[in-house]
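Let me begin by handing over the structure; questions about it come next.
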Amino acid sequence: MSTDSGGGGSLIRAAREPGVFMRLARGNLELWANLVVITWAVVFAIWQGSGFAITLGTVFAIWAILAVSLNLVVGFTGLLSVGHIGFFGIGAYTVAILTSNAQYEQLRTEAIPTFGWPFFAALPVGIVLAGLTAIAVGVVFNRFRDDIFVLVSFGFAVICFNVFLNSRALTRGAFGIHEIAKPEIGSVAFGSEVAFLILALVFLAVVVLISWLIVSSSFGRVLTAIREDERATEVFGYQVTHFKLTVWVISAMMAAAAGGLFASWTTFIDPNSFILLESILLVSIVILGGLATIWGSILGAMAFVLLEEGMRFLPFLPDEYVGQARQVILGVLLVLLMLFRPQGLLGRYKL
Amino acid sequence: MSDVEEQDGQPAITREDNGSAGAEGNVLEDSFILEMVNVSVRYGAVSALEDACLGVRRGEVVAVMGPNGAGKSTVLKGLMGLAPVVAGQVYWRGERLTSATHEIVKHGIAFVPQGRRLFTHLTIEENLEMGCPYLRDRPEVRRRMDSVMELFPVLHQKRRDLASQMSGGQQQMLALGRGLMANPELLLLDEPTLGLAPNIVKEVFQTVALISERLGTTIMVVEHNIKGVLDIVDRAYILDTGRVVFEGTPASVRETNILAEVFLGKVQRADPDEP
Amino acid sequence: MSIRTESDGERFALETIEVAKHFGGVHAVDGLSIAIPRGKITCVVGPNGSGKSTLINLLSGMLPLDGGVVIVDGVRLRAVKPHETPGLGITRTFQDVRLFDQISVWDNIMVVLTERRLLPALLERGKSRQRERTEQILRSVGMWEKRRSLAMDLSYGQRKLLEIGRAMALNVNTYLFDEPFAGLFPQMLERVKDLMRQLRNDGRTLLFISHNMDIVRELSDHLIVMDSGKLLTEGDAEEVLAQPEVIEAYLGV
Amino acid sequence: MVWKITESPDQAVQFAFNGLSVGAVYALLALGFTLVYSTVWFFDLYYGAAAAMGAYGVFYLRTSETVGGSHVNNPYVSAIFALVVAGVIAWVLYEAFFIRLQSRFTHKSLYIAGGMLAGATGIYTGFVLTNPDHLHLLLSPAVGAVAAVVAGWVVNRVIRRLFSNTGRTTLLTTSVIVGSLFGACCGLLLAGAPESRLYLSWAMSCLVAGAVGVALYRSLYVYMRKRARSPLIMLVASLGVLLAITAATAIVFESAPRPLPRAFGSEPWTIWGSNIKGFNIFTIGVAIAGFLGLLFLLKRTSLGRTIRAIGDDEEVAKVVGINTTVVIAIVFFIGAVFAAAAGLLSGHDTAIQPRMGLLLMLKGWIASVVGGMGNLYGAVVGGFALGMVEQFGIWDLAGEWKDVISFVILILFLSFWPRGLLPRG
Amino acid sequence: ADEPTPTPTAAPTATPTPLPPFKIGVMESLTGPGETYGTVSNQAKQMAVDEINAAGGINGRMIELIVEDSKCSAQDAITAYRKLTDVDGVKIILGTSCSGAMLGAAPLAEDDGIVLFSGLATNPDIAEAGDYIFRTAMSDAQLGIDTGNVLWADGIRTLATITEATDYAEGVRRSSVAQFEKLGGEVVGAERYPSDIVDFRSQLTKLFNANPDALHIAAQAEFSGGTIIKQARELGFDGPIYSEVVPIGATALEVAGEAATGVKAITADLDPANQKAQEVLRNFRETYDYVTLPWYLGSAYDDVYITAECLKQTGDDQDADGFRDCLYEITWSGAIGNNFSFDDKGEVVGLSNVVVEVLPVAERTEDNQGYKVLGGAPTQ
């Protein structure tokens, strides 16, 4: 009798095989969450016209890549990392520096060397660079757990931000880098919004596929074991540090890919896109969607983008309060979630 | 380590305030001072206790036994308000017991949880004092502490050490001693001999018997060491998968071989024919 | 840093020479030299705090050695790395049961059966051989019914059983059990005892800690008595348990 | 480094002074943080919000002396805090008296009396908050009453000690008379001293921040902790609290930084060729006093022993009869007061902004980790050490790397001394 | 997508008009790092629109602002931009308040032929951003040259600078220092700080150890500007302090208190001598009950009037090209100066700077904003 079957994103669920009633109850909630968010997304797209929806779609794809990749670390491995934005930034900056071809004025701003590479040449470099950074950071961070890991990953985010801001000869500091290239394959340019959205969705699909392969394999099961008891896992013959490091690096590389896409999409980046708060928002998305579930992260990203952009349409809220109100809502949501569903909307694992 | 044995004569531990309790005790002699009526406990979907009825009479030592996961610890936790009781009532001297955990202690019920849980960063003396944290009367606290230390002289030797620096057996003694500091009428013990060396197991059982005898404390003890515990108890309950399946004297437990039955029943269910 | 020696690799599965471990001023294990005979059940007894668990922690690499040598299958080791122990043919259980709390009972067993290397692990998806083994193990410790619950929802004894099952799932030469019988219901004891005998009959080496003298007498082929980190005496169970110093230190009169 | 110090001792001394001034704030933060952490074992990020609230409380109450302050006073804000205070008072009354008086009065009358008392306190608080210009007048009755009770109790105690044979009536009358006299004096003195408003606003905002902490604990954390399996749940939940409060602060007070009115001691003193403000020295004093106070509380009082016991094992603490909810609420209160004090001191020293909560909290967190989690000595040492390192660290580096330095230090530190400078017992 | 959707900021039109209002998009950093400026700038625009509408609108048509939050980030500027153009069908957008957001949206605007007209973005890179991109905020170049000249003329030979790590402040420092060094001055110490710190003592200690003749502060936030002044004096520095407009804003002066007395600044905004500027300021304070002096209010306010003027000429809010051409030709006198216009890069020209000195606390009033004008900046 096979207890380990089940299709698609539900594999984890199948592997855990909850009782029939549990499954029904949880299934319902998941169903509702799915329905609500997706309906909302569709209604939103129809209501606001395709142009805006496409932009939102791209934003969603980028956040979803980030969320899925972060979930590998937070949900499956149990390392609550608040520093993921750093890898995102590394990817973005590498692509920006390598592809930008702007003429910078020396006197009033920083001039940096420009390379003018094509996007698809720069992106792998960014991903590899993020991977290397992740190895270096991971080796140091491997010994930390729980709260302390949170703290040092806070530190990583702060350090990355400061590096982006202060390594002026490389990143132009606060001036930011503009004229970042759009992706092109041969003669196919992803210049238009639609083409870019498709590209982003393809990236998302690849990331989801890789994540799914990871978590549905024995590797994924070991990760969950590590999350539960690192030392005990070790005694059963697993090189825990290697497992952790591997998933950390893979996750960082995914985030870097998202960063590359982001840079190319906005065509301009400056350090403000990589602040600590963004990282906190990202963690919130992952927790909101659900820990240790890929689909949950995607849904979380979707819900977040809709929440954020949907608030532009709230009639009664004064403009200057929108952003703050969003933060208040997010905060309250986090509290309620932790109170009633610590595993997130679709999650399996409670923090 | 066998300190109790080394003492000659009787430990000078006595119950001071049994004047009023005694008078009342006569009235309630035959009824339960603590009674659980149709109590059910549920952890989420898991039903840990179903319609359980148990009780203890004044001065009795009662054992609760049963296979693993039968719900023994849950009984004690339910009494102490530490488990989610979804149905049924607990009566203490005929009155419903609904107070919060920390209030229950003031009624004269003390609980020594499974696994020698101590305040590891407090010294032994402080740990004992924590047994009656709200007792303002310093001389009384000292008196009780002295009597506990008399019962377990090793605690006296190490009284300034941190609790974490003691061996398992000593920790169990400390946990017991801390329970006694509340000067309880009813002492609930959850596997007091778990993981203890044989000499200490003996000692613990002797102590339990001693407490019951000298102080008249009513005791409810959860145990797996059936041989040891049946020697000291007046009555035993046997639980299986959350239900009380047997109640009787130690003799009847031994006679009916009920424990084996309970267990075999479980074995059958655990075998392949499952849904 | 392992040197092949000609010591009694055949006769002893595990040996220690003068191993030591201290926590601050406490000498938990103090120059202990013991040998654990191959294919037998060895029992370690001793008063609380005499360093039994610490010994197992040292043998399984959970704690670094402060001194001394561990010889596994004739290989001398100055340091045992935890993740290498299954490779050395050693597995263990913990006194304070350590399960993977938030994964199912089923996966708790599956985890220890799967691939150890990184890349193959990435490509492996539960083989039927592993699943069968898991089922067999769960049934043998009576946890099959509970296989879908999370490990954290089990009672103390159930957790203990699951942990024993998890250790037995590994196909290694030496099993170290830290108080496997504590907190178990008597009839469950029988089952665990049977399982342990079965392992011995398969030619495995077992070492367990217990305070239950009946079981010790019944099960152990070899008995080691520890006291304050040192070897008090060793030998045949009945003989050892009759020695006055053992009685004084451990059994009580 | 030594060479650098001998090379330019002036700068070194100045750095040291700077380090001490910031370090004092960090130490205060770390103290409260450690206290809360080692009792409930999770990082309570509300702590950051409490720091910001302490600072903004002073701002709110002292608006008449800040630019255009009259506009800041917002009836909704006052109402919310009045409600919170009323709620906390109601709960305190319930915990303190309900069980005891249960037998003597009916539940209904108790509820009504308690509700009225709590409501009155709430209204009073709201009233005080809406009229910050007359803080000294409005608060004088309250302070007088508190002083009266304290004095009465002390007198009662002293008389009982000295003349153990005094009759009950004489005892009571003397203590009541002396107490009320003393209280009246205090109240009158206060009413006639408008310059005391500064200190009153400090006390007020610390108390309010503490009350919010208690309210949060009682209304949220208690339930969450029952289900929480790991400290991370609480961490994330309190992160939500921090985000929400920070954003709400920004909505009410706008997100731009603000100055706090000048307190005192803003003139620099020159010592050994370097300058330090009197106020900074005061801050250092407060940090040390806070440390000593906390030390006394934890090590010498029975409440402290209870707190440590809860830190060791909360369930067992309950089992032995400690009302853990109340004790933890007290811990949260003390923690929030420390945070608020740190916040307002640093606010007076520099300035306040809604985001300051997160920044200060991170510093407090780092300091307590560096010092050794759960150890009061460690918290103080860690706080001052962090302050110093931040200053001396940028001697050779550009100042923009300051944050990086403190985190790199933290990471290095954790790698090599994971348990901090002075680990817990 | 041209359907008028209900939006949060329907202009408070008094009389219902048969003609539909002109719809103008606004992108400001209502939250995020630039929210201080964004909020004020938004309010100033709203005030100007209210004034225009109250006076009967433009040829009887009202102006309606559709406000979106661009959060000072490129990503959000893009989504806000898309929302304005796709959902609301706007062709003319006022904003953004942050250079970063501006540079994110500019390529799109340039592609789509939509006018982006900012009052606040000062990043020099914006000059090259395209044909449809305008701003009334001066690029930092001129300011820097003036600052350099003032420093030199005041006899400063060694300078220490402390700069906020933002594009604006960094730009100001770079151009000021370039001019100062060109004249022969020497920079003996340079420190930067990230935007969210409140304690500058360590940096200042380091700077003062180099014994500079003067300290130059380039700040983006008033608060940090004021705090630096205060802490510099607390550390015993008694040399002159120079800055641009930010560190002499009302908040900054409040923070710095007496320490700010004598600080010199080079500024273009809301000249106390300019009648129009004073009137706008007074109105603004009355309308919004604002506690501090926002130094960027004038250009936001003027933007709206310039827009109104151009709309009057084109008569169509969908005619971005006409509007753009109008901007290239216009010459305007408003709150931020007289007779300024836009060059062929869309940069404002014709504004000039003055040097001001901060008065002692006792002499600071709302009317003089706390400082006195010393005169124009010296030329080389």
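Letters are used for the chains, namely A, B, C, D and E, taken in the order the chains are written, and counting of residues starts over at 1 for each.
Methods note: a contact is a pair of C-beta atoms (placed from the backbone, for glycine too) under 8 Å apart; a residue touches a chain by one contact, two chains touch by 3 or more.
What you are looking at is a predicted structure, and each value in this text was computed from that prediction instead of being measured.
Touch-path distance (fewest steps) from chain A to chain E is 1. The fewest steps needed to get from chain B to chain E, moving only between touching chains, is 2. In this assembly, E is the chain whose CA centroid lies farthest from the centroid of chain C. Farthest from chain B, judged by the mean position of CA atoms in each chain, is E. With centres set at the average Cα position, the gap from chain A to chain B is 52 Å. Averaging Cα coordinates per chain places chain A and chain C 42 Å apart.
Taking the mean of the C-alpha atoms as each chain's centre, chain B and chain D sit 42 Å apart. For this pair, chain B with chain C, the centres built from the Cα atoms lie 31 Å apart.
The multi-chain contact residues of chain C, meaning those touching 2 or more other chains, are 101-102. Listed for chain D are residues 229, 250, 255, 398, 400, 403, each touching two or more other chains.
Annotation for chain A: residues touching 2 or more other chains are 19, 162, 165-166, 321, 324, 326-327, 350.
Put simply, chain B touches chain D in their complex at residues 80, 82, 100-106, 110-111, 113, 117-122, 126, 129-134, 162, 178, 182. On chain D, the positions that touch chain B within their shared complex are 99, 302, 305-306, 308-309, 311-313, 315-324, 424-425. Those residues of chain A lying in contact with chain C across their complex are 1-4, 15-19, 213-214, 216-219, 221-222, 224-225, 227-229, 231-240, 242-243, 246, 348-350.
Those residues of chain D whose C-beta lies close enough to touch chain E in the complex are 8, 10-11, 14-15, 18, 21-22, 66-69, 71, 250, 254-259, 262, 266, 268, 270, 274-275, 277, 346, 349-351, 353, 355-356, 359, 390-391, 394-395, 398-400, 402-403. Those residues of chain D lying in contact with chain A across their complex are 42-43, 220, 223-224, 227-237, 239-248, 250-251, 255, 358, 362, 365-366, 369, 398, 400-401, 403-404, 407-408, 410-411, 414-415, 418.
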